[in-house]
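The letters A, B, C and D name the chains in turn, as written, and every chain counts its residues from 1.
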Amino acid sequence: MDDLYRDYILDHYKRPRNFGELEPHDLEAHDHNPLCGDELGVHIRVADGKIVELRFHGQGCAISQAAASIASEEYVGMPLDEVGGLDGEWLIELLGIPISATRRRCALLNLKVMRGATTGDASWPNGGG
Amino acid sequence: MATAAAPSILDVRADFPIFGRRIDGRPLVYLDSAATSQKPESVIAAIDDYYRRHNANIHRGVYTLAQEATEMFEGARERVAAFAGGQTETTIFTRNATEAINLVAYAWGREHVGPGDAVLITQMEHHSNIVPWQLLCEETGAELRYLDVSDEGKLSLEQLDAELARGDVKLVACAHISNVLGTINPVAEIVGRARSAGAVTLIDGSQAAPQMPIDVGALGPDFYAWTGHKALGPTGIGVLHGRRELLERMRPFLGGGDMIRTVDFQRSTWNDLPWKFEAGTSMVAEGVGLGAAVDYLTGLQMESVRAHERELVGYALERLREVAGVRVIGPRTAEERGGVISFELEGIHPHDVADLVNRENVCIRAGHHCAMPLMRRLGVPATARASFGPYNDRSDVDALIGALAQARQVFGV
Amino acid sequence: MATAAAPSILDVRADFPIFGRRIDGRPLVYLDSAATSQKPESVIAAIDDYYRRHNANIHRGVYTLAQEATEMFEGARERVAAFAGGQTETTIFTRNATEAINLVAYAWGREHVGPGDAVLITQMEHHSNIVPWQLLCEETGAELRYLDVSDEGKLSLEQLDAELARGDVKLVACAHISNVLGTINPVAEIVGRARSAGAVTLIDGSQAAPQMPIDVGALGPDFYAWTGHKALGPTGIGVLHGRRELLERMRPFLGGGDMIRTVDFQRSTWNDLPWKFEAGTSMVAEGVGLGAAVDYLTGLQMESVRAHERELVGYALERLREVAGVRVIGPRTAEERGGVISFELEGIHPHDVADLVNRENVCIRAGHHCAMPLMRRLGVPATARASFGPYNDRSDVDALIGALAQARQVFGV
Amino acid sequence: MDDLYRDYILDHYKRPRNFGELEPHDLEAHDHNPLCGDELGVHIRVADGKIVELRFHGQGCAISQAAASIASEEYVGMPLDEVGGLDGEWLIELLGIPISATRRRCALLNLKVMRGATTGDASWPNGGG
């Protein structure tokens, strides 16, 4: 089996969870990774300071799309103010695959968008430099 | 499927040291020459020899090393000029093709382009032939207009005529060969029509100079830019051939050492061409290296390089048809193309394609190829791109085809 | 006369392959490091290795070579930044120091300098730190003013204060070390005073970076420029350290590939620092080479390099006093000087001096040293100049002294 | 004896012929070689289409000054319209010393000035490129 494109990665890529739009929503952000043309937007519904529902939408490589899908399952239910504290390492570990320097931004795009939506900070998460 | 490989027109891989490299014990399949070319031994050795035996600052030194270095550098300029059919005094060394184009945008553009004027470029340009004109138009209030690219990846001379007929076009800038589509544009026609309409022309020959015989003199554009690292030469050096009358009348671009004749406290006068446009210490080793590169290419004969690329592209187009889900972008035949093939593979993002074939040491590029407006026109976020150099042969194409099949397997498409 | 040579502080000549060169069977006495330095084996080997094993275009490639090349280049940037006390993201690679200064003149100057404003430079600047400001002032209608140089080759902080007190100075640009006089300018004081007066500062560190420890962060100028080829590195690469707030607010300079985030038909957005100011394919091999150069210098320790230069200059000043008719220009003591000594020899034009000592393979420079305004100030048409690198020792000085004596004999003076 | 700085070169350098100014004069020109800071001007008196008197003035290296002095003896008496036809080789041969590429412009400066004064063409003579 492939190291990077593991079955669950391809599964999330082909059938992404929490994918689509969410109207109405409380928070949103949109960003892209010019390197590979990945685009990702997010719509978030908030209640009691927590993320209660969320949808990603966009297009891109398997890593960026699968990462968004996998991470989306973590984001749902998370207190809003925790998102800003998540770093690249958290996400890479979550994915469980060896991410090379070149693919890092693919993996981190969803976190960048989430941080943009929740904290307004649109810079790359740690390790996405 | 795999062919009894017909002998290639060129058989020069052994001249390129990098192909001695093994990664995970296996050889390199380098299909990214449109991004940068590999370097023959003679180029690497020329740079090495320059630093080991001749290094000195040029033009102003009396001593032996300085004389040698000056002769090596200016001798290289003569050969680089001759290689492209340009004249020595109007062959300016820049940092890369990008700087060459910016030089024209700053030093020519800001004096000749103003409100009510238009700069005409094409939808298939590289960012380096777009952004300088955006900056110029923003600054001067001129309009930036685009020639369309057809579904087959071509320009329309009728549209060019119509644009020129509007009477406001001051400059036409166009790639000789597209780095995405591979399209060889009809630059002689474009230059001729623009000239008749009184527009200045800049041809971006970054992809053409390494691939086919170029005769800037016969082609006749006002400016022709190309870049050393794609033409088997070193990084850090580009070339601008300019029309003498324009260069003479232009203000300088960068100010500093070497480009002056006299400097007084408030005013300076400028050096002769080409040095007027070369400020500060020259890229001496890079010039020497580029001289060795054009010597090498001249030795191969550019007609043969072109024939070699055409043959390889023909073979690759044929073999790509065997791979299910492949869609090739750009002109249909190898005759209409330089050594570049962009394609999509259904169900796999180009970035993943490039990553997957890299497991077989197949080096291709994925992304927008510095041509975002063209991606928009084509309606794709990115493409995968394979491109060829004189050192490639059919076995490289075979390796790509094999790797694509494996990629499809991994993705189950 | 000839001394039992005291051991030099550095003893590294063997690291520099060019000193294996023999001309007419005799070794090279290279005393022109202020023009360009020689390169250690490690720098030449790094460039060679890059082309032989890793060459690929950087930043956008997925495959192994492209990743390696990117890491090598960006890793070099980190070490180059650290070497000068700068930050990685605000350390911009340019073609040379000249381009670095032009970048500031174009991208900062054109937005912040206008009619009624003044740019303040000094009479001892290199043309590369004069002509860009002349062009800027001519274009914007600002005034270009000069700080005087005293007979001893020094600036006056009182005059600086007086100039700043006029309230119109937008930018102060000044060499850290003069390439003619050798003067080490009080740049910390200059930067501090200019800053208090609200002026932006640019320090031209072309001569300083190779010779003494530099800490751009502590020194605090808004811009600090230097050049690779004088710092044991390759030609074709220079460095601009900039203050982040300024760089972020500035428009780009050159437009093209790599410096963009997005390109649409009419508008683009810019990449992060430092890439916003690096258009087109980078000087990859040159970056790798410069990385090796700063590694080498760091290994020597810049304090030792400075001590070595000071010791050699002290010895040379002493020995030059022995030669009848020699007049040394610039500060009197080695403490006040970098490794540069300009001089005149009575009765022999500097150009003839350089030619004559070349018969003994002594490489010195003669001319205006790209500092015509300073020549005018000093009232000389040209000077002869000897300058030092880490590879020089007292025997080089002795060779120069001997060759000067012979020159006097030939001319019968 | 030195190959380049032969006795007659040094003699012309130290005691240049036809040196100074000439007032009034019919033709003049002034030029310089930025490489080494050489400066040279000339004043010419003309009669019957011939150069009847001439003075160089300026400062510079031994080669440029000696070359001007040596050549001045040839220019005097020369028909004006012959000056434009003189090329770099003529001058180099006249000097009789091996001139390297770097010193070429030193040697040719006087011819450049003469051509400037007589034909208005201020470009470097052949071989001074």
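Criterion: contacts are C-beta pairs under 8 Å (C-beta built on N, C-alpha and C of every residue); 3 or more make two chains touch, one makes a residue touch a chain.
Note that the structure is a prediction, hence the values are computed from the model and not measured.
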Longest centre-to-centre distance from chain D, chain (CA-based): A
Computed distance of Cα centres, chain D from chain C, in Å: 37
Centre-of-Cα separation between chain D and chain A, whole angstrom: 77
Distance between chain centroids, defined by C-alpha means - chain B, chain D (Å): 46
Interchain centroid distance [CA atoms averaged], chain B/chain C, Å: 31
Multi-chain contact sites of chain B, meaning residues that touch two or more partners: 60-62, 66, 260, 262, 351, 355, 366-367, 372
For chain D, residues that touch 2 or more chains besides their own: 34-35, 103
Touch relationships between chains, expressed as pairs: A-B, A-C, B-C, B-D, C-D
Chain D - residues contacting chain B, complex: 32, 34-35, 100-103
Chain B residues within the chain A interface of the complex: 348-352, 355-356, 366-368, 372, 375, 381-382, 410-412
Chain C-touching residues of chain B, taken from the complex the two chains share: 17-18, 20-21, 23, 28, 30, 32, 35-36, 38-39, 43-44, 47-48, 51-53, 55-57, 60-66, 95-99, 101-102, 105-106, 126-132, 134-135, 144, 146, 227, 229, 234-238, 251-252, 254-260, 262-268, 279-286, 351, 354-355, 358, 361-367, 370, 372-373, 376
Contacting residues of chain D [partner chain C, same complex]: 2, 4-5, 10, 34-39, 59-63, 103, 106
Parts of chain B lying in touch with chain D, wherever the complex brings them together: 59-62, 66-67, 70-71, 260-262
